[in-house]
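Down below are the structures I want you to see.
Heads up, the next two complexes both have subunit A, just with different partners, subunit B and then subunit C.
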Partner chain A sequence: MMLNFFDQFMSPVLLGIPLIALALLLPWILFPNPAARWINNRLITLQGWSISQTTHQLFTPLNQGGHKWATLLISLMIFLISLNLLGLLPYTFTPTTQLSLNMAFAVPLWLATVIVGLRNQPTIALGHLLPEGTPLPLIPVLIIIETISLFIRPLALGVRLTANLTAGHLLIQLIATAVFVLLPLMPTVAILTASVLFLLTLLEVAVAMIQAYVFILLLSLYLQENV
Partner chain B sequence: MPQLNPAPWLSILVFSWFVFLFVIPPKVLNHSFMNEPAPQSAEKPKFNPWNWPWY
Partner chain C sequence: MASSQRSSFNSCTRRLESQQNQTHTSAVTSTLVCQLSRARAPTNSRPYMLGAGLLTYFLSKEIYIINHETISAACMATVIIYSVKRFGPDVAAFADKLNEEKLQKAEEVKALAVASLAQAIEDEKKEQWRVEGRHLLFDAKRNNVAMLLETNWRERVHTVHNEVKKRLDYQIALQSLHRRMEQEHMVSWVEKNVVSSITPQQEKTSIAKCITDLKSLAKIQQAKATV
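Moving on, here comes the complex of A and B:
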């Protein structure tokens, strides 16, 4: 039975309980409910500050209609960032490596932006399929291309997040295995590999946050076109 | 790749949307934000005293 590095992504089950349920329910313990006070403790103040800054950054380019999506998109942001970052701890399971979860969020939310656009401003929404200034003979081809790119968006959204996190976790496991195997044989090389592992982990922390942000940002851009 | 096994897809979808709709938004919405303290303007606003009776 060959050592299979992909086994870390199997949805874990312990005594018949799917542990992904725990992985999805427990991170919110780290986000205490603010009490009805003007000044809260440091943790809540920091979380509130980051929530308000993110909201401001994301929704300034959107018009009033788009602001209705604030709760949804900020909740999604908190969801993805916490799951991504907590997954970098040893022995944790990252639900966002599951394609099912990422597609479960990408497809309905993208579809919602498209339907909102088609319902409220159908001409403008369909007009996005043809960039301005296209030469006349290119128009049919370009409409087909833009339609394809429109339908690829949810797929790209889901797969981008899945692939980035899966690849990161795989690399960490590979290099950690290499360090572990090299330690009795060539300690110097093992130490160099360990420093690579350290840098990689820093990269993965950044990737975790950036990928969550990119997901939300792209959704807000799709919203901006349609609202 | 084990992620492509379609068996838990529906339960993962249902459970993650449950958490996303019912657990996180109350926590996010409970954060309230104060207005920035504004410096008092130099001129006090003109006000008219109340001179009409209660009906």
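Moving on, here comes the complex of A and C:
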């Protein structure tokens, strides 16, 4: 049986039952519900504080119409952060490495922002296709370029998340394999490689959180244009 | 060994008071934990023995195989343990601070209310003290009013006195004027009568007499001068 580094990205199935459903539901139990108390325990206090800080940070630039999206986007962010961070543990499956999942998040949300913009303020939404202060001869070319960039957005959103996580996981696996293989042969080199692996793990933890935040940040920016 | 194990087992099946009131205690696990934690040695080695035994079992029977995932798991474990040990107390203190601030705000409100009520009590006591001293104030006011009345009465008496004196003076002046006028009139009448009663004969004789008197006086004077 060949060691296939891409086996970790295959959607796990046990006796015909897709386990990705379990992987998607698991993060929910990690976040406690606030109890009906005025002063909560430390976990709930921190959870509440961090969520309120993030919401404030993301939604202050938006006007009132954009605040309606707060629940959706913040819950999506918590979901993505937890999925990404749980996937860094050994022997776990990260659902966000599946392009299908990320496109399923990106395309409907992006499309919703576009449709909201075109419905409520079509002139302004179409006006975004032409940046201010462009010279007259460049206008037709620029409109085409901006339209292409508009349609590439969902693709970019989905693929960014997928690629970052997949690449990170692959790198971790490769370097860990290198350490594992080098350990009996050249222990010193193995130790150096292990230090690289340690730094990479730190990077992957950061990337996991940042990519989820960037996903939501970009969606909020697209919303800001259109609402 | 068996008897000591049995005695520990028997003592562990006896439920503690606190355990009886808990809702989430499983009989099996609590017995197991109780049995495991009853210390016979200075450090409690039973859980560690169990852990080491299980690990050896899994490794030797190749139920768990060491591969590259083990190495990445070791890295991840280092990162997690280091971050918990390093940032754990700070995060806990921060969460406690958030709760403390919440409590403190409420305490402030309460303290403010208590302070204002205490101030009200102080003011009330002062008012009561003032009420006790009220009679002094009334006496002073009464004296003041009496003095004013006295002063006013004296002024009026003085005015009356002056007015009466003016009237009487007028009468006196009138009378004296009367008398003086009578007197002058009388004198002038007498003079007039005397002057008119002087006959020319009498006038001549008196003038001659005056002349002889004057001559005699002049002689006397001359005699005095030469002497």
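Keep this in mind: the second predicted complex is superposed on the first by the 225 of 227 C-alpha atoms of A that agree within 3 Å, B and C clash if a C-alpha of one lies under 4 Å from a C-alpha of the other, contacts with A are read in each partner's own complex, and residues count from 1 in each chain.
As a convention for this text, a contact is a pair of C-beta atoms (placed from the backbone, for glycine too) under 8 Å apart; a residue touches a chain by one contact, two chains touch by 3 or more.
Fair warning: this is a prediction, and the values are worked out from it, not measured in the lab.
Of the two partner chains placed by superposition, only subunit C is touched by A:P90; subunit B is not. Contact with neither subunit B nor subunit C is seen for A:Y213 once the two complexes are overlaid on the shared chain. By the document's definition of touching, of the two partners only subunit B reaches A:F9; subunit C does not. Greater residue coverage of subunit A by touch, when subunit B is weighed against subunit C, goes to B. Contacts of subunit A with subunit B, set against its contacts with subunit C after fitting on chain A, overlap at residues 38.
Within the complex, the subunit B residues that touch subunit A are 1-6, 8-9, 11-13, 15-17, 19-20, 23-34. Every residue of subunit A that touches subunit C in the complex is listed here, in rising order: 38-40, 42-43, 45-46, 49, 88-91, 172-173, 176-177, 179-180, 194, 197-198, 201-202, 205. Contact residues of subunit A toward subunit B in the complex are 6-7, 9-11, 18, 20-21, 24-25, 28, 31, 33-34, 36, 38, 44, 47-48, 51-52, 71-72, 74-76, 78-79, 95, 97-101, 104-105, 162, 166. Touching subunit A in their complex are the following residues of subunit C: 66-73, 75-76, 78-79, 91-92, 94-96, 98-99, 102-103.
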